[in-house]
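Think of it as A, B, C and D in the order they're written, each chain with its own count starting at 1.
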Amino acid sequence: MSQNPIRIGVIGAGRIGKIHAENLATRIPNAQVAAIADVILSAAQETAHRLHIPKAIADYHEILQDDQIDAVAICSSTDTHARIITEAAQAGKHIFCEKPIDHDLRKIDEALAAVEKAGVKLQIGFNRRFDPNFRKVRTMIAEGKIGDLHILRITSRDPAPPPIDYIKVSGGIFLDMTIHDFDMARYLSGSEVEEVFVAGGVMVDKRIGEAGDIDTAVITLRFASGAIGTIDNSRQAVYGYDQRVEAFGSGGMVAVANNTPDTHVYSNAEGVHSAKPLYFFLERYTESFINEMKEFVEAIQKNTLPPVTGIDGRIPVLIGKAAWKSYHEHRPVKLCEVE
Amino acid sequence: MSQNPIRIGVIGAGRIGKIHAENLATRIPNAQVAAIADVILSAAQETAHRLHIPKAIADYHEILQDDQIDAVAICSSTDTHARIITEAAQAGKHIFCEKPIDHDLRKIDEALAAVEKAGVKLQIGFNRRFDPNFRKVRTMIAEGKIGDLHILRITSRDPAPPPIDYIKVSGGIFLDMTIHDFDMARYLSGSEVEEVFVAGGVMVDKRIGEAGDIDTAVITLRFASGAIGTIDNSRQAVYGYDQRVEAFGSGGMVAVANNTPDTHVYSNAEGVHSAKPLYFFLERYTESFINEMKEFVEAIQKNTLPPVTGIDGRIPVLIGKAAWKSYHEHRPVKLCEVE
Amino acid sequence: MSQNPIRIGVIGAGRIGKIHAENLATRIPNAQVAAIADVILSAAQETAHRLHIPKAIADYHEILQDDQIDAVAICSSTDTHARIITEAAQAGKHIFCEKPIDHDLRKIDEALAAVEKAGVKLQIGFNRRFDPNFRKVRTMIAEGKIGDLHILRITSRDPAPPPIDYIKVSGGIFLDMTIHDFDMARYLSGSEVEEVFVAGGVMVDKRIGEAGDIDTAVITLRFASGAIGTIDNSRQAVYGYDQRVEAFGSGGMVAVANNTPDTHVYSNAEGVHSAKPLYFFLERYTESFINEMKEFVEAIQKNTLPPVTGIDGRIPVLIGKAAWKSYHEHRPVKLCEVE
Amino acid sequence: MSQNPIRIGVIGAGRIGKIHAENLATRIPNAQVAAIADVILSAAQETAHRLHIPKAIADYHEILQDDQIDAVAICSSTDTHARIITEAAQAGKHIFCEKPIDHDLRKIDEALAAVEKAGVKLQIGFNRRFDPNFRKVRTMIAEGKIGDLHILRITSRDPAPPPIDYIKVSGGIFLDMTIHDFDMARYLSGSEVEEVFVAGGVMVDKRIGEAGDIDTAVITLRFASGAIGTIDNSRQAVYGYDQRVEAFGSGGMVAVANNTPDTHVYSNAEGVHSAKPLYFFLERYTESFINEMKEFVEAIQKNTLPPVTGIDGRIPVLIGKAAWKSYHEHRPVKLCEVE
């Protein structure tokens, strides 16, 4: 508390940029938002006004040049991430960057090399690691509560598909959606994924298939530890955002269920009824977005390793590429095949 | 297993008589149904035929006179219980009798005196003690798992009221329905009820009030141990038979929920839905009806005290009388006032 | 959003004052904390510094005299509430005041008269009304989802007793603890309490009894609507803060369970284990504290009736007095007897 | 009820033979056990004595030759099933046979041909279809409650591995254990499995691996409908028998949880605790064993198709063979490859 607050420039004032700006401005005692940039200047201005951020600009380079700013939060479109990481590193800023770093492994590697060279901190926005449910599972596995992990099951289903236009540029389901689950698999298991097998298809909306993507998938992972993982994805669960995990091992099992807006149970002549899961990621992961920023700021202040590193940002992209290869070639694919 | 089976005569072939006859005939290895009696001979005959019972009669005295019969199960109408207990005791038969023994404490006392004198066994049909849920609560309390009991809560709501004609002769809610809960309170707490306070009313059906009864009640019990109990009753829970218990003490709490026909959880766009409780006592207490007979037969074979004694049959009637007095006088009533 | 923010002075920088100051400063977009006062100046200063509040003072009268301040949040000790309400009303400030207003009905009436005369808004801090679980129950009852309310059950158990010194001045369990449940009973039922019966005792700690208080109680309420309510209280639930409600009616039942820090379920050779309830009110009612302030600020800005009025603050004190009378006289007591 | 009871000869008086004999003798009103055979005569005699079965023999051919016997229940060792089915069919007996029919598809086909030729009824012992939980899932899928099935997940974990000696002759995990899940997949989905992919290993006990088997597996199924299935198996869940299903589709999801011996929830200072699943199949599937026999007897009496046919017995063996091939070749395998 006695330290000076970390001064952060937020780059990008879209949906996720607004969330991070608000959390940094109001929920993180040791952080201040010094500036916000967006190519659409009015978007930056609106958020700046609402949150009493002193500076709203169109060109993020002003943030990089500002000596009073310690760190940036990169919330711009994915295709700009790698470049801005590199520039920010060269400017000596610590970096929080939304996932994915890029779809191209070489661009990722260049960005990570720039970070390495500059010696700044880089944290990738895999916010779900900071969710109390999943953190509890990680803690229990790490403490040996379930013994050796044998089977890890991740259920991850969105309430509704994104726009088709987004799907066309997103890298497809494995890079825009499952990428979180690949990260979760590594985080929870504490082991690296070595092989991927995909069974998937277009079941929700034909137009998704026409855009070259799929909307439903069951993915089998093989971990270095020998454990087996499964991820099941759908782009549309009509009952809402379905985010659960189950870890089974030699000593027991731990599972986490969805969060709900309330705990009510209503019994009437028709049956017993309760609340649907929180609708989507803004509601479901409110707390994890705050927590990840707290830990980013803390890592800077205490000069410790950020909890989600550049490598943690790179590997899920690699797994995503292996997943696509497995889907297209209809066989298990080792990660070393796509490296 | 090496012992001769206990030969039992079932008196009464109505709803509850049929259940006991079937359980004794098919589910209790050490028991045989030697005869079944009912004033409506055809009812006795039908059940006898279905269950391969060798003898169906109209007059239960034939059972009492049969030297080959070890015990009787009295399932006739309540007003005959006390008399048949006395006669059966005089005939040297062990006795299982449905609750309540009678509404009149003097008649109960005469029947219990006859049992005492004859030295036969008497078990009263408070079947819920044998339900796995409630038995678990009892065991945990007895093992000290919740420390000293402070608050005991019993929820007991029927799915639908009985016929008005039944209500007119049943002794009212406290003797036809809550009597089970009074027994449960004693059984679970391991302590005697000393005082009763009733808040109740007619909320379900005006005709119940016109018949001199009430249909909704919240009853506060004071136990000799100092613990406090509450029972809440309704003659109509539209979602089905609601039978729950919660025991709170210095070391923790144990609660049991309703049983359901299956464990399904169905999530759709409207919400999350699951099964209603099992509809009524035939479904809910299937197992407890079997268990009580097993233990009755065992008590005879091993010559031990039956698990629900004559006194256990008497006291809930006393509590029921105190409950009515409390309701009418609108004040807490001690049991010694109605003794 | 286009309106000027409401400028609020916080009076009292103890535990609850800090919470309200922080929520107003960081979580309520339309509010600003203009000043904070505490008789212990350093306490006010510390909170002011942490939350960037421009003014920290020892004497709250400076707040009342400040023309730039629209409203006060009274978080000082209970014995000062009525006086400060009166003074604040006379100074033309809108008032948020923590519960209870006072233990003395005449003092409450004087304060409410001052508010009435000044035409300012007064909201009492019954925060639980703003909890998503209880609000859901209220909504469902109000929408007729359970038909006519027959039985309302409130469970309210603290994780540990307060210090004995607090108990000596708190007005006892019915005024320091159950007062919330009395408010909840009125809020959920939408009906006034007419009569109270208490069964209670000292089961947790003898010293509580020596201080003239009790620590365990089961309270039966009679509503004007005819419905029956029960509240069960303990000052010590070893498993944590137990805050549940169940409403049963002619058309169904709605119940809400405790909130937990996560949804994990852990199965091992010993059993199946899950998280305890959130420990105490700071964790459990985080959201309700924010919501009540949001609605207070909104009521000022939109010039509407605050969601918890002065009368809502008065009646639970009356019920608490009736509860004590019932406990001491061991009989049901009507509210008109203590008015 | 008016029909003559079906007279059944039970062949095999081991664990499963005893269960079927007892259920037929005591729980199925329209059935009688006319004889029981076991190569160990004393085993047959003991069960006969306990259940009042008139005839206990060593050679099952006596049953086949007995004109008074309508049907047989084949509960002998797997290697005798196909032969006894053939003989029983030739003797004109209706046949209930435990799973699997055989490990050899040609032997299965010969047995099914004999049944076909004789025109007798054949029901295979996939008892789990008759479990109330799984039946509910089937019903809801069939009624369209979840729309089109997209993902079916079956969890099936035993509480402890069988003896190594059993594993050596059982056909391995896919034929002794997963075979039930393969049947469940077909039953629930209402669609045929076309392809199988296995990820598996030896994680529980090295000796299982030394016996040529595995003990942990995650199996991906592809249905003709396009839906995807997963089965996860372990030979050892330390918390007990884990038998769950989840079906996800375009219109919703239905899931069933484990059954427990009671519904108690115990809260203490350490956490919240509840009952483990019922230990193993004898406890978990008590009801399904009864139900399957009821429906077998009914199919004979009403001359309808048995609910689990010979083909239903054959296909899971085929899937099991494909699973082994997939495991050994580490690739997805189509069923037509092993036909």
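In the analysis below, a residue touches a chain if its C-beta (ideal position, glycine included) is under 8 Å from a C-beta of that chain, and two chains touch if they have at least 3 such contacts.
Note that the coordinates shown come from a computational prediction; the quantities given were computed from them, not determined experimentally.
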| item | value |
| --- | --- |
| Greatest separation from subunit C - chain, by CA centre | D |
| Chain centre separation in whole Å, for subunit D relative to subunit A (CA means) | 43 |
| Where subunit A and subunit B are represented by their mean Cα positions, the distance between them in whole Å | 58 |
| Distance from the mean Cα position of subunit D to that of subunit B, given in whole angstrom | 39 |
| Residues of subunit A engaged with two or more neighbouring chains | 237-239, 251-253, 267-269, 275 |
| Chain contact topology (line, ring, star, complete or other) | complete |
| Residues of subunit B that touch subunit D when the two form their complex | 1, 26-27, 29, 50, 132-133, 135-137, 140, 145-146, 251-259, 261-269, 275 |
| In the complex, subunit B residues that touch subunit A | 237-240, 267-269, 271-276 |
| List of subunit A residues in touch with subunit D within their complex | 147-148, 150-151, 153, 157, 197, 199-201, 203-204, 216-218, 220, 222, 226-228, 230, 232, 234, 236-239, 242, 248, 250-253, 330-332 |
